[in-house]
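What follows is a pair of complexes built around subunit A, which joins subunit B in one and subunit C in the other.
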Partner chain A sequence: MLNKAIEMNTLTSPLHLTSCMILVFFILSYPILTSLSPKPLKTDWAISHVKKAVKLAFFTSLLPLFLFLNQGTETIMTDWKWMGTDTFNLCISLKFDFFSTIFTPIALFVTWSILEFASWYMHTDPNMNRFFKYLLIFLIAMIILVTANNMFQLFIGWEGVGIMSFLLIGWWYGRTDANTAALQAVLYNRVGDIGLIFTMAWFATNLNSWDLQQVFTASKDMDLTFPLLGLIIAATGKSAQFGLHPWLPSAMEGPTPVSALLHSSTMVVAGIFLLVRMSPLLENNPTALTTCLCLGALTTLFTATCALTQNDIKKIVAFSTSSQLGLMMVTIGLNQPQLAFLHICTHAFFKAMLFLCSGSIIHSLNDEQDIRKMGGMNHLVPFTSSCLTLGSLALTGTPFLAGFFSKDAIIEALNTSYLNAWALVLTLLATSFTAVYSLRIVFFVSMGNPRFTPLSPINENNPTVINPIKRLAWGSIIAGLLITSNVLPMKTPVMSMPPLLKLAALTVTLLGVLTAIELASLTNKQFKTTPNLTAHHFSNMLGFFPAIIHRLTPKLNLVLGQTIAAQTVDQTWLEKTGPKAIVSLNEPLIKTTNNIQQGMIKTYLSLFFFTLAMALLLLLT
Partner chain B sequence: MASAYLTHQQKVLRLYKKSLRHLESWCIFRDKYRFYACLLRARFDENKGEKDMVKATMMLKSGEEEFWANQHPQPYIFPDSPGGTSYERYECYKVPEWVLDHWHPSEKAMYPDYFSKREQWKKLRMQKRSTSLL
Partner chain C sequence: MDPCFHIQPVNMAGVGFRRWAQALSKGKGSGISALLSGSRAASSASKDSLPGPYPKTPEERAAAAKKYNMRVEDYEPHPDNGEGYGDYPKLPDRSQHERDPWYQWDHPDLRRNWGEPIHWHFDMYIRNRVDTSPSPVSWSTMCKQLFGFIGFMLFMFYVGEKCPSYQPVAPKQYPFNNLYLERGGDPEKEPEDVKNYEI
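Right after this comes the complex of A and B.
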C-alpha cells in the first residue's frame, strides 16, 4: 500500500511540478492581458490585481519547490513547435531543474515585497498602474529567462529584461540624467548581447541546436573557447563586470523599487545565471574559467574601491551589488556554479532589503539621497535603521546570517584552490572594503545627530512599508540556513584547512570594520587631516572610467567619420581616383603634346624635307 | 541694475559662497564645519579693506585657483537644484497651460473664480507680448 502510494507520487509529481509552474506563468500574465482592455483601470488595480497576482504566484511556486526538495523532481517540458527544419527546431521548452525551481520562488517573494513597498513609494505618481505593469512584464521576462531550456527562449527573456530595464530607469523621462542613464543601460547591454548572439550562432552552426541538452552532449570533446568567451562577454554586459559596468550606478536614476528589483536581485544576476546554466560547458575549459576568475576579482575590487567614497546612498548600494556580482563571477571561475547560485539567492534578500530601507529613509527625508545630510535615523526610524544594519551585516558575511553561508563558502573555496593568488588577494581586499563601506553607510545614516532640517514628520506607522522590510529581514536571517540545509552540494567542499584559511574571511572583514571605525571617528575630530586627494578622486570619480570611455568612444567614431568624409571621400574618391584624377593623369600628356607642337613651321618643314632627302638618298644608293 | 559683467564684489561673494558649500561637502559634521567656516571667513575678512584693485584682483585669482585645487569632486547639491537627484523629475507630468482652454464647461465650472479672470489675463498677456521681450 505504501509502495503503491510512493509509486503514484513519483509518477505524478513531475506533473504537479509542471502544472504549478505553468500556472505561475498564467497567474502573472493575467493582469497584463486584462489591462489591454479599453476599460480604464481602477485606481487600486496595482494593489488589488498585480500585487495579489505576484503573492498568489509565490505561494503557487512553493509547491514545486517542496516537491523538488522532497523528491528531487526535475522536469523539462517541451511544448509548441514554432518553426524549424528537419534537423533544427524552435520550441517553447521549459526546464524546471534545481536552479529554476529554487530561484523562481525567491524572485517572486522579493518581487511581492517590493511591489507592496512600491504601492507606498509611488502612491503620488499618477501612472502607478503603468509602473506596476512594467514591473510585472519584467518579472515574466525574468522567469522566462530562468526557465528557458533553449538559447532562443533565453534570449527572449534576456532582451525582455533589458527593455523593461530601459523603460523603468527612464521612468521620470522629463529628467535628462534619467534618459542618459536608460540609454547607457541599453547600449552597454547591447555590447554584451554581441557575445550572446555570437555564441548562439556558434551553437547553431557547430552543434546544430539551441537546446541545452543537445548542446551539452554534442560538445563533449570540442574546443569551446570561442562560444564561452561570447557567454562571458554577455555576462560582462548584463552583470556589470569591469569594462561594461558604468550602467549599473547610473541606473540608480530610476525609482527605488526599480533599483531594488532589477538592479540588485534579479536582472543583474541574469548574466551570472547564464554562466551557471552553461557550467557543464565551462568545466573543461581552463581559459574560460581563468577569464571568469580574473575578471570577477578585478570587478569586485574595483567597484568596492569606488563604493568607498560615494555619498549617494543608492550609489553605494549599487556599487556593492556590482562587487557581489564580481564575487559570483569569481565563484564561477573556481568551477563552483552551485555556490554562485547560492550567493545569488541569499544576495537577493539582503540587497533588496538594503534598497527598501534606503528608499524608506529617502522618502522620509523628502527625497534627500546624500548621506552627508542624513544622520540620527536610529532614533527616528528605529526599525528601518535596524534592518539597514541587519542587511549590512548579512552583506559582510556575519556568521550565521544569510550571506555567511554563501560568502564564507566562496572564500573558503578560493583559499583552498590552487589557482590565481592575485585573484585571491583582490577578493580578500574587496571583502574588507565591503565591511568599510557598509559601516560607512550605517555610521552616516543611523548614527550621530540629524544633519537635515526637520521638515516632515518621520514615522514608521505605515504597514505597507514595514511588512515588506520585515519579510525580507526574515529572509536575510534564515534563507542561507534554509537553502544549505535542504540542498545537497554538487561538489564536495574542502572540509579541512588550516585555521588561518578558515577564518580568513572573518578576519579580513573584522579588520575592515576596525579600519572603518577608526576612519569614521577621524571625521569628527577638529584637526585638519589632509586626505590623499589623488586616491580619493580616483575612487570618487569611479576610476575615471566613465569620464574617459564615454568621451573616447564617440570621439573616435567622430574622428573616423571625419576621416571617411575628408580623406576617403574628398581626397581619395574625388581627387585621386575620380574626376580630378582624370585631370591629373591627362595633364602631363597634354603638356608633352603641347610642348612638341610649338608652331615652328619653318623648322618642321626643313626637318621634314631633310628627312625626306636622307630617305631618298638611302633608297637610290 | 544687472549687466553682462560681474563686479568685483559679486565675484568675491560668489567665491566665498561656493567655497563654503564645498567646505560643507568635505566637513560633514556641523561642529567641524563651523570651525573651518569661521577660519575661512576670517581669511576673507582680513583682506576685505583692500583698496588697490590690482592687488585685490590678484588675490581673487589666487583664491579661485586654491578653490579649484581643493574642491570636492561630488559637492552636495540640493535635490531640486540643477544636477540634483530630483531635479526635473516631475517635468513629464507637467502639462502646458493652453490645455485649460480645452476643458469641458462642467470642469471649468469647478473653478469659477479662476476662469472668470482667465480671459482678462490672456488679453493682458497678448498686450504685453507686443511690448516686452518675454
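Right after this comes the complex of A and C.
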C-alpha cells in the first residue's frame, strides 16, 4: 500500500511540480490582467491584490520545492510553438530544475516581505497602485528569466527586468538625477545585451538552436570562447561587474523597496544566474573561467574600496551588493556554479533585510540618508538596528548565519584551488573590507549619540514594517543551514586543508573588524593638521570611473556625431567630392595649361608654317 | 486672452480657421499676399531671428548680439573657418549641472531662463548628460590614478597567471640525493641513491 503510494507519488510529482509552477505564473499575472479594466483600482488594491497574490504564489511554489527536495523531481515543460522552421523552433519552454525550483520560492518570499514593507514606505505616494504593478511585472519577468529553457525566453525576461528597472529607478521622474540614473541603468544594461545577443546569434548559426538542452549537447567539442565571452559581457552589464558597474550605485535614486528587490536580491543576480545556467559550457573553457575569476576579483575589491568612504547608507549597501556579485563571479570562475547559486540565495535574504532596515531608518529620520547625520539608533529603533547588525554579521560571514554557509565555502574553494594568485589576494582583501564598511554602517547609524534634530518621526511600531524585517531576519539566520542541509552539493568539496586555510575567511574578517574599530576610535582624534586625502578621493569618487567615463565618452560621441552630421557630411559631398572638388581638381590643370598658352598667335602661326614647310621639303626631297 | 476660450470642447479645426481668418484680415499686406508672406499669428521664428552669416562689421556684431538676446560685450561668434557656424554665439562650454540648483529658473529641470542664448551643444550639456562641474581632483590626476589602477591590476593579474596559487600535492623533492652533503652528510661515505620522480 505504502509502496503503491510512493510509486504514484513518483509518477505524478512532475505533474504536480509543473502545475504548481504554472499556477504561480497565473497567480502573479491575475492582478496585472485585472488592472487592465477601465474601472479605477481600489485604494488598497496594492495590499489586497498584489501582496496577497505574491504571498499565495510563495506558498504555492513551496510544493514544487518540497517535491524537488524530497524526490529530486525536475521537469522541462515545452508548450505552444510560436514560430520556427523545420529545424529551428521557438516555443514557450519552462525548465523547473534545481536552480529555478529553489530560486523561485526565495524570490517570492523576499518580494512578499518587500511588498509589505513598501505598503508602509510608499503609503503617501498617490500612485502606489502603479508602483506595486511595476514591481509585480518585474517579478513575473524575473521568474520568466529564471525558468527559461531557451535563450529567447531568457532574453524576454532579461529585457523585461531591464525595462522595469528603468521605470522603477525613475519612479520619481520629476527629479532629474533619478532620470539620469534610470538612463544609466538602461544604457549600461544595453551594452551588456550586446554580448547576450551576440551569443544568441552564435548559438543560432552554429548550433541551430536556442534550446539549452540542444546547446549543451551540440557544443560538446566546439571552441566556445566567443559565445562565452558574450555571456560574460552580458553578466558584466546586468550584474554590475567592473567596467559596467556605475549604474548600480546610481540606481539608489529609486525608492528603497526598488533597491531592496531589484538591486540586491533579484535583478542584479540575473547575470550570475545566466552564467550558472550556462555552466556546462563554461566548464571546459579555461579562458572564460579565468576571465570570470579575474573580473570578479577586480570587481569585488574595487567596489568594496568604494564602499569604504561613502556617506549615503543606501550607496554603501549598493556597493556591498556589487562586491558580493563580484564574489559570485569569482565562484563561477572557480567552476563552482552551485556555490555561486547558494550565495545568490543566502545573499537575497540579508541584503534585502539591510535595505529594508535602511529604508525604515531613512523614513524615521525624515528622509535623511547621510550616515553622518544618524547615530544612536540602537536605543531609538532597537529592532531595526538589531536587524541591521544581524544583516551585517550575515554579510561578513559570521559563523552559522546564512552568509557563512555560502561565503565560507567560496573562500575555502578559493584557497584550495589552482588559480590566479592575485585573484586570491584581491578576494581576501575584499572580504576584510566587507567587515570594515559593515562596521562603519553600524558605527555611524546605531552607535554613538544622535546627530539629527530631535523632532524626527522615529517609529517602528508598525507591524507592516516589523513583520517583513522579522521574516527576512529569520531567513538570514536559517536559510543557509536549511539549503545546505537539504541539498546535495553538485561537486565534491575539498574536505581537508590546513587550519590556516580553513580559518582564512574568519581571520581576514576579524582583521577587518579590528581595523575598523581602530579607525572608528580615531574619529574623535586628530593627529595631523591636514589629512592626506589621495586614497580618500580615489575611494569617495568611486575610483574616478564615473567622473572620467561619463564625461569623456558621451562628449566624444555626441560632438563627433554632431560634427559629422552637421559639417563633415556637407563638407565631404560639397567641397571634397562635389562641386568644389571639380573646381579644386581642375584648377591646377587649367593653370598649367593657361601658363603654357601665352596667346602669341603670330609666333604660333609662323612656327606652324615653318614646321609645315620643313616637313614638305623633307618629303619632296 | 484667447478669443476662442470655451468651457465645452472646441472644434480645433474651427479655432484654427478663425485664427487664420483674423490674421489674414489684420496681417501685413492683403489677402493672398498675407497668405503667401507667411506672417501668421503665433508662427515660429521669423527670418530675422534665424542665424545668419559671420558678422564682419561692428554694426553687424551689435545686430547679431541683439538678435541672440546677448550683451555686445559678451557676444563672441565662432571663428570663421568654413565650419558653417555663421554668427551663432560661442558660449562658454559649461554644462547645466554647474548652474545654481536653488535659483528659481523658468525651466527648473533645464536650469535655463526663457530667451537665454542656447549653447551649440545644449543637448549635450543638459542634466542627464555631460557634466563639466569642477572636480575636487584635476582631470589629469583622475586619469592617471584610474588608468594606473587598471594597468596595475592587469599587470598583477598577468603575474598571478604566471605564478598561480595552489595546494601542494606531493612532498617536496630535493636534488643531490636529498641534499646529502648540505644536510651534514659524511663527504667520504657514499650516499645511498635516492630516486625522485617527475610528475
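Note that the second predicted complex is superposed on the first by the 588 of 621 C-alpha atoms of A that agree within 3 Å, B and C clash if a C-alpha of one lies under 4 Å from a C-alpha of the other, contacts with A are read in each partner's own complex, and residues count from 1 in each chain.
The working rule: a contact is a pair of C-beta atoms (placed from the backbone, for glycine too) under 8 Å apart; a residue touches a chain by one contact, two chains touch by 3 or more.
Note that this is a predicted model, so its numbers are computed, not measured.
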> Any idea whether subunit B or subunit C touches more of subunit A?
Replying inline: C
> Between subunit B (first) and subunit C (second), which, if any, makes contact with A:421: first, second, both or neither?
Replying inline: second
> Looking at the overlay, what does A:368 touch: subunit B (first), subunit C (second), both, or neither?
Replying inline: first
> A:480 contacts which: subunit B (first), subunit C (second), both, neither?
Replying inline: neither
>> Which partner chains sit in contact with A:246 here, subunit B, subunit C, both or neither? Use first/second/both/neither.
In response: neither
> Of the two partner chains, subunit B (first) and subunit C (second), which one does A:551 touch, if any: first, second, both, or neither?
Replying inline: second
>> I'd like to know which partner A:566 touches here: subunit B for first, subunit C for second, both or neither.
In response: second
> Now for A:176: first (subunit B), second (subunit C), both, or neither, which partner does it touch?
Replying inline: both
>> Contact-wise, after the overlay, does A:543 reach subunit B, subunit C, both or neither (first, second, both, neither)?
In response: second
> Once the shared chain is lined up, is A:298 touching subunit B (first), subunit C (second), both, or neither of them?
Replying inline: second
> Which subunit A residues lie in the overlap of the subunit B contact set and the subunit C contact set?
Replying inline: 174, 176, 537, 541
> Taking the complex as given, what residues does subunit A use to touch subunit B?
Replying inline: 126, 172-176, 310-312, 366-370, 372-373, 444, 448, 451, 523-526, 528, 536-537, 540-541
> In the complex formed with subunit A, which residues of subunit B make contact?
Replying inline: 24-25, 28-30, 32, 35-36, 73-74, 76, 79, 85-94
> Touching subunit C in the complex: which residues of subunit A?
Replying inline: 174, 176-177, 179-180, 183, 290, 294, 298, 415-425, 497, 501, 537-538, 541, 543-545, 547-548, 550-551, 554-555, 558-559, 562, 566-567, 570-571
> In the complex formed with subunit A, which residues of subunit C make contact?
Replying inline: 82-84, 109, 121, 123-124, 127-132, 135-137, 139, 142-143, 145-146, 149, 153, 156-157, 159-161, 163-167
